[in-house]
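All remarks here apply to the structure that follows.
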């Protein structure tokens, strides 16, 4: 691993809070690690667990999800739904041998540019420490469609846990 | 305790009438307008030699800290170049304030630490009002002897040159009729900012 | 909502990639030419260009021309945040002759150059982002915006000067306004003031005509003593519930004659008079002030002997010749439908007790600026007489600026109005008492028309200005002349001395802070707060009265500290924004709604439980889910939850996102 | 045209050369100067610092004398000019000043109605004969001489009736008119410290040093001034200044009337050029404006196109 190892973080940011916070960080010229690749979604509730699995399969070293603080969701409680899925998925990924630091969910409001910077820097540092993701065999041949079928029932079961 | 007392300024250190008196002196009426921007201190060619910058003098003067401003060397170092006055954004007659403070210091009998300028002004005033004109030779010799005796001899060469070029003489200059000026001065009411005047 | 001329999969994808220098904003940290060159190698990219300012007319024309010349059918613009220019480039795309939603923006400025330290990594990151954009745009399909009718009425929340101004502007433009105010009267803080700076206009003289106009305007429904308790819906179509608290007065009958107040079995006040900030007591039945609008009394059930279950002579009832008192009244909930909402809920003042070393609450002669406002008012509790609590007229007054403001321990911000308000009070206190006035300030902030001139006037009038944050207000005398005074200790940073100034009265210029329930109100209307807790505008410069929620606007101090002129101007701006929304009669909705692919739907109803808007119903006959596009707001939660992959979301469809994920990660 | 000439104290001693040269120039240009009878010291900065009532009376008295003769008052000394001008303005603006001065003047049977103008030679020569007239009379153009005009404080502050307070030009125009080149430098209006020259020489010399340094950076050959105190301060202490600041070289400091007179054909001796402490003749000879003394004795002056006696 070269000294200049830059982990790649796939970041799912909700449009109203965290994406705006990232805009604010930019406007405020806050400097942070160039590790994130942002995918904008309207709500963190839109984030399908498969997106996260896909990200790991396609080479992400970590996945960061940013949503509105609980109670602040632009769509009432999409973020809470995201949280439920996240908890389960994180447990599942740990079972698959992916370190828990590689997937992170943060509530970052539109005014928290500074928090966004801190989170990205902290996560980048964690990932540098962990090194590149050594993808577990179970995921190596991941294909969205295949996995969808395989895990569908499982995920369904998980996400409907009250 | 004594040192502590000096650090704090109490209301009893203020003369509440002082600022009003200064403001009644010619050119000083805008004293209170000061916003402490310190253009005066920045532009003053002599402020680096002053124990208080002109800005601070203005602040203390308008708050009535009479003893502080009458004892500072700032007012005596002011060379009356009026740079501060013309650049003041609030059109405060800062040079005029310095004049007023000098008069007040003299009125209060204050002998400044840096005595030379006051001595020169006094010599000048005495000569000027006595003879109606200034005899530069006498003024310079008197002032130098009184304020910088050591320098007297080092100025010997300059003195000789001035004598040789005819720019310096021992003759005492006088108005042909001094009495009229004396009468005029005597008949002039003081301008001291006191309300009665 | 896929339109008829939707993307034909067989059609060849021809992508144009455009990267903006944004002057040096992007180009200084990202090698735009190199990114453009890289993008050219991506599959489907037909043309790739960099340009100084893509958002300029010339930049847009470049897109328009290239679409025509290269038969482009997808556009990727790598530039600033889509919040700024997505509309610009979609419009340009449309001008080029293709559907605007075939354009996608990649944010390499806010998320790229501006947060980057190193040019090489920033350029690599931009390439990855570009590849992600190119990857997803291949999947884009043509979409149409849909139109929704807009209701021609507006809810204004808060009846201070901001709400009053906004309501009158809208009402005069012919829109129906519901003005909801929590207190028994409108008027807000301005009604409590004596004079307004810097002109010293009498606050009541300029405010009360506006208040009466609100009270009598045919287009305004005024609900004072009421609160919004629920709001739902979307731009142009909000449904709002308003709780109208019981006044125990028949509003139609009450003429505001105050006979009931006179005859209340309590002969004197029993509880702190809120309007007079506790300087006097009021009775349980009261009117805030004589010019109150609506001019109706109110009974406070907590202190009223009858309502609180105690013994009472009920002498108020016969005193009213119109039998307006109604002790059986209960609160009502009104439901209204409005097209837009203006939030003008105001501020509260900093609680001076949070700065204990200023002695508020400990020393009787330490007052807040609001208390002094009431005291100097001729219609106030002392009829304009300024006296200390022991009845003495103060000979010296110290006004402490920035109380609670510019302080990391309390409120970090400058409250913006206190300097001028303090100068005004200094003027009024001097006028009323002839006292020596000392202002203790950190910086003197007088940014407004005639403000600096007012400051200069006070300087010239001999008010003392001591630059330094007051350290403490104490009654510990160090000198005989300090006995029986409050001593203000401060360093005058301008004279360079620590000073002790003994005064008879201390006025604390308390700062402006968000209302205590701002976080409740913001959730009610689905808007955000900035760090300090004031409501967050959509853009600090270019959309200062809009919020992230379409159709919800801000006016006045709820958005941040401001003075009356700025508040009135902002209220006008909020009204104008609401008018601009209402006037066309319809609103165009973004097409990013979800829809069901009927063949895949198993009818499991999982999605139904997910939808926060009840937009999904079950077609019992076909046993499939049906999404009502009018109700769908496009969050995509149902899409993520569908076990069959039967729900799609326009612009955020699975395949678009999978491709974006894959491509954004493909560039190492 | 006749003017009331108010020499002031300096022009009778340390500034003698100024009087000599000014009167010589006036003679050439046909301006008649009648010295005020029984004039008195203007009070300078000193009177103002001691007693302001008498200070204003002393100043205004001279104005009243000129007014009595119905002549404009010409004050060549920068100090006197500034003091008299300010007294005139304050007499008009402040009732306290007017009240005091009127009572003082009444003792001598004088009164002042502000009917005359206070003139300085710099402005007088520019306007009354005019630059055109001066140019036509030039006998000895100051060709090749680079002149730094030093204005000092009192023509410009607190009131500047005839020039731009922040970028004065009058003296430069006069010098250009007689053929000199102009050294433009920023310190032209800075204080020379003259008021402290006699009391705290070190401070005064620091200020003077800056002026000389700035003028020399602008490649000035000579400095000209219109104030005897400035001239004295800049001229007399150069030895001491150079001793503490070796980066400046001696530079002659002329009264502007001396160079004017020279250009108009007057002889150096008439203009008091020999009275300078830092000799000025040499540079004039180097530039060919004045002939070599020995050569001069042999033949007619060399000045271009000039015919002299």
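Note that the chains take the letters A, B, C and D in the order they are written out, and that residue 1 is the start of every chain.
Note that in this section a residue touches a chain if its C-beta (ideal position, glycine included) is under 8 Å from a C-beta of that chain, and two chains touch if they have at least 3 such contacts.
Nothing here was measured: the structure is a model prediction, and the numbers come from that model.
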> If you count the C-beta pairs in contact for each pair of chains, which pair comes out on top?
Replying inline: B-D
> Which chain has the mean of its C-alpha atoms lying nearest to the mean of all protein C-alpha atoms shown?
Replying inline: C
> What whole-number Å value describes the gap between the mean CA coordinates of subunit A and subunit D?
Replying inline: 82
> Any idea how many Å lie between the Cα centroids of subunit B and subunit C?
Replying inline: 58
> For subunit A and subunit B, what's the span in angstrom between their mean Cα positions?
Replying inline: 75
>> Just the number, please: Cα centre separation of subunit C and subunit D in whole Å.
In response: 68
>> Can you pull out the residues of subunit B that are in contact with at least two other chains?
In response: none
>> Graph shape for the chains shown, where an edge means the two chains touch. Line, ring, star, complete, or other?
In response: line
> For each chain, which other chains does it touch, given as pairs?
Replying inline: A-C, B-C, B-D
> Inside the complex, what are the residues of subunit B that reach subunit D?
Replying inline: 24-27, 45-46, 49, 77, 79-83, 85-86, 93, 95, 99-100, 102-103, 106, 114, 116-122, 124-125, 128-129, 132-137, 139-140, 143-144, 147-148, 151, 157-158, 161-162, 165-169, 173, 175-177, 180-181, 183-192, 197
> For subunit C, which residues are in contact with subunit B within the complex?
Replying inline: 436, 444, 455-456, 459-462, 464, 466-467, 478-479, 481-482, 492, 494-502
>> Using the touch definition from the top, list the residues of subunit D that touch subunit B in their complex.
In response: 9-10, 12-17, 37-41, 43-54, 56-58, 61, 90, 93-94, 96-97, 99-101, 103-108, 110, 153-154, 156-158, 165, 190-191, 193-196, 198-201, 203-204, 207, 232, 236-237, 239, 274-277
> How about subunit C: which of its residues touch subunit A in the complex?
Replying inline: 81-83, 107, 109-112, 114-118, 121-122, 124-125, 128-129, 132, 523, 526, 528-531, 536, 548-549, 592, 606, 610, 612, 633-637, 639-641, 643, 645, 649, 652, 654, 657-658, 660-662, 664-666, 668
>> Quick check: in the complex, which residue numbers of subunit B touch subunit C?
In response: 7-12, 16, 19-20, 30, 32-36, 55-56, 59-60, 63, 65, 68, 90
